[in-house]
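So, here's a batch of structures to check.
Okay, so chain A shows up in both of these, paired with chain B first and chain C after.
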Partner chain A sequence: MSATCEFQAKDYRSDLKPIWCPGCGDFSVVASIYRALAAIGRPPHEIAFVSGIGCSSRIPGYTTAYGFNSVHGRALPIAQGIKLSSPELLVLAAGGDGDGFSIGGGHIAHAIRRNMDLTYIVMDNQIYGLTKGQLSPTSQKGRITCTSHYGSLEAPVNPLLYVLAYGAGFVAQASPTDIAGMAAIIEEAIRYPGFAFVNIQSPCVTYGEEAQQIKGLKAISESLAALGHDSADRLAAMDLAQHYGSKLHLGVFYRDPDPAPTYGDLVRDRQALLSQGALPKERILDLFIKS
Partner chain B sequence: MATRGIDFAQLSLMEALDLAILIEEEAQERYEDFAGQMEQHRTPGAARFFRTMAVNEGRHGSALFDRRTELFGPAPRTVSSAGIFDVEAPDYDEARAFMTPRQAMESALRSEQKAHAFFTEALPGIQDADVKALFEELRDEEAEHEALVLAELAKLPPEPGFSEEEFVDPPAAQ
Partner chain C sequence: MAISASTRPKPYLEAEYCKGCLRCIDACPKDCIAQGTEINPATGVVPVVLDLATCNGCGLCIQACPEPYGLRPENERTVDAAGFELEDPAALFGPRDTTAPVPVDIPDRHLPLPASEPLVLKGTYASALGALLAGCRHVFGYPITPSTEGAELMAKVLPKLDGAFVQAVSEVAAVNMMYGCGGAGLPCMTFTSSPGFSLMLEGVSYMIGAELPGVFVNIMRGGPGLGNIGPEQADIKLACRGLGHGNTQAITFAPSTPQEMLDLTRLSFELSFKYRNPVVLLGDGYLGQMTGVVRLPSTFTKPGLPAWAVWGDRDHRRNLVSSIHLSEPDLEQHNLHLLGKYGAMIRDEQRSDLYRCDDAEILLVACNTPARMAKGAVEDLRRKGIKAGLFRPITLWPFPIDALKAVLPGVSRIVVVEASPGQLEDELRLALDRADVARPPIDHVQRYGGILPQQFEIVDKVLSLCPVQSGEVMA
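Let's look at the complex of A and B:
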């Protein structure tokens, strides 16, 4: 330790007090984000944080970054627009599993195939908590809720397989069972040059089942690093990702060892190419005048 | 409870003091947050206790800060709170709506025990004699705090045979 620390975690914490239920897993997530941002050291005014709708989507307001608590399921399109128009910003998008994989599910594939340089954090609690406990896209089959009195008939979406299948360059999973590990993963995701996805198993203390609370999650946790997983191997990552719901693998599933150019890079290249033969603005009308 | 990116073998006294200050600041902030959550959930007994803990942690932090300033002046920090995780602060999932004062004190007790274990476990890796002495002092202080919380717990009347949560309306669908 020799370099001075320009930013501390508290520099990213806003004065707004979270109104999550006491014990909610999202408290650990926002604390990990403060630490990841402090480790990266970008000033808050150079960060844009976009979310959708839901308990977890309140998160931008609890940071000092520019925040946008936007429209249900639309965090990614807005985040992509921000990144494209202001490429110098560090862009984060966040939301819950319902926001991301139900109403917003269609947007993930496009953000991935474009390889937008942003980090998407999903706080996956397998329930719609804000609306008081309905089935969400990641709810387990058989789950009894107020909208499924006899148990859910649907198999859950697997967020990890979903993003791996679409070709995301960085895919990881974290949990408040290991807050230091979670901060490290978020930091690595932010540093990744391209679309990075972090699924966070964040317990809902009010509507979540016992097995989904910290104690239950600890019982099924396994560190990918301890398993000797090679994070450069996409197929091995997909194999491990199939255990979503029965095991909680923590760490980086996949990190593209040779990241593809981002959409922003390609757009700038295209603009540079096209601008070579372009007329200056003051002569643009010449195009319409016959010589 | 964890730290990341901190090499205890290489810690200087100034860095060790900064680390201790950041640990106290984190605990103060967490107790303030918990107190706010309890107030929001109309649980004044637990809120009062968490506020007291926040004041205590703030006091410890200030004392360490004064010592650091006396020894090293305004030299900038080289230790980052980015690497400090719940060393003395209660874990986030310790908080629950409608906690009793006893539950609040028990969570504080676990936090003091955590901090004690942190300094105890770090000690064998420390090489600098001054840092070692500081960590021993901090470890012993945590043991004193444990004793104080235990004494407060002993003053409480026995818990009733029911949980207040049993009287709370279950979450309702909309």
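Let's look at the complex of A and C:
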């Protein structure tokens, strides 16, 4: 199961050429994922990578991992199904802000409270790119799009804050403004034993606003490490996360210093407990006849 | 006074609480209780039966009964079990004492629309315009290719017309916003495409159950699953046979030009309110995106307010919108009522377009964009001396069987042309079977996966079925 040979970033790159717009932030996200996976060293066939629907959800196809572009908003339930059935796999889920926080928003809380050992990477660009520029749940209030001609009336969600509030054990933010940092953060997220969330501010060059392009992001970015943030302090993390949208904090917001057991661990513990003194498995029908 | 056999209360059975465990039979020393033989329709289980001729009121059966309300002393019969009845929302929220006047229908007004030059519009825009002319001011949607342009136009126009477009978090949210808006008695709609329509079906079933209007424009794309964004017609089954769970039907239109996208969307609103039922408009991906000449009608509609609306004022206090009927007989009555509506739709709302069918021996059956290819094929075949005609259902449900029956006698063969694996053909076959008419052999030309049948494919198919006898004849 463990790596028998060294892998390099290129071993995780598929033959498909990404069809993202030139300059899309997602190119550097997938490059960072190659680097993170190479650092971890699991062979591509031991990795499952699923996504929802959207531009960024094309990402599994550009890797050599097992994976697919799944149902809009349902990457997390599918990833949980995969992880539960094949616990030894390294499972990644990815998608965009619309996929994750709009139609799929309801699934995040439950993946977190179940503490499945997954890494969820959201490429957040504040817009629906694939359907050509509609409002997204992280679009700023007042944003003009083709479904909000006179400015959005809705306040954006704050994904960092709510993922922290749901109790995620690992919450980080990255951006293509710092590709080396992004690869390190993704690697740390994958290594975290439990549900890990990485929000990546990935600019949309076609429908994104000027302030959300690389230059604009650089202007508001601040390294959490440089700020002296203690990533074991959830409340301090929540305090910093409140600045989502106005500042771009890069790094690990929160890492549970004492990771809780994952759902997979608990399931296997339960199975072991109930197997003690139980009937031989081939006498399955007896379970229904006499309890 | 001593308690004697004559004063001890005998048991009585609350049959709805008896699970038929038979413990009372073992407990009874006088053999008064026997295993029942009839299923209780309220519970689906077989309760015991009592014959108290020899009962001395020992009460052992009551002690043995594990159900608190199964066997009880006769003198406690007055303790009414009705307090434990299922609380039917229709009773909880339904008609209540009010001195408010009984609400009346405020009728729609039809106002003249100034004449204008014909427009050149894409299908989704034409549909949006049709909805605006029908008085729709509330649109709920979620971006999905190839339908989004309709919603985008509405997002731009509605705020200027005292209306609102809301981009919901998902199609599930969108359909339930329609449930709310329709419940208030206002015209509302959504634009979606196949995967989004799948998500909406639960809400459609609830809207049909609660008898609410609402128009669903589904620009069908390639499936199943994620499929692609090419044109397909493989949601016909969904619209005609699978609108969510339960006994559901809705009038389903299949326009074939941008002009019809406008006209039929307008009509959809009228029928949606006439029958208090959702209406589905199925376009294919090309029809949503293609542009065409669209002439505007001479009137537009300023909607009134139906008397049944839960409008949220004093007059509409007694109204109820609900799809729950906990009592089985009530729900059966509700289904009979729905079936009555469906029957009226089948009787009155069949629509079709017949092209050169009068003397047709080969009858093509097609709808949406493939009908346009089929129309070209009819011309081509006529030039080749084959008497071909096109029967184009405009309503897929109800299928326009009455019009089809009229042309069938001269028809020697039917060829169904569709971009689906036989979903239109299934509707045709089912309609013919139910109408119990003799039918000619049925063949088909089908393409799948986002590809439409081409005119030459249709012509080739027909020629393979009936080769031209004596060279080309000019029709």
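The rule is simple: the second predicted complex is superposed on the first by the 276 of 291 C-alpha atoms of A that agree within 3 Å, B and C clash if a C-alpha of one lies under 4 Å from a C-alpha of the other, contacts with A are read in each partner's own complex, and residues count from 1 in each chain.
The criterion applied here is as follows: a contact is a pair of C-beta atoms (placed from the backbone, for glycine too) under 8 Å apart; a residue touches a chain by one contact, two chains touch by 3 or more.
Since the model is a prediction, treat every value here as computed from it, not as a measurement.
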Answer with first, second, both or neither: which of chain B and chain C does A:134 touch in the superposed model?
-> both
Determine, under the contact definition given at the top, whether A:147 touches first (chain B), second (chain C), both, or neither.
-> both
What is the contact status of A:221 with respect to chain B (first) and chain C (second): first, second, both, or neither?
-> neither
Where does A:73 make contact in the superposed view: on chain B (first), on chain C (second), on both, or on neither?
-> second
Please indicate which partner A:206 is in contact with in the superposed arrangement: first for chain B, second for chain C, both, or neither.
-> first
Is A:14 touching the first partner chain B, the second partner chain C, both, or neither of them?
-> neither
Pick one for A:28: touches chain B only (first), chain C only (second), both, or neither.
-> first
For chain A, which side has the bigger count of touched residues, chain B or chain C?
-> B
If you lay the two complexes on top of each other, which residues of chain A touch chain B in one and chain C in the other?
-> 131-132, 134, 146-147
List of chain A residues in touch with chain B within their complex = 1-5, 8-10, 17-19, 21-25, 27-28, 31, 35-36, 38-39, 131-134, 146-147, 176, 179-180, 183-184, 203, 205-207, 213-214
Note: in the complex, chain B contacts chain A through residues 2-7, 10-11, 15, 22, 25, 29, 33-34, 36-38, 40-41, 76-83, 85-86, 91-97, 99, 171-174
Residues of chain A that touch chain C when the two form their complex = 53, 69, 71-73, 98, 102-103, 105, 128, 130-132, 134-135, 137, 146-150
Note which residues of chain C are touching chain A in the complex, please.
-> 142-145, 148, 151-152, 155-156, 159, 165, 167, 169-171, 195, 225-226
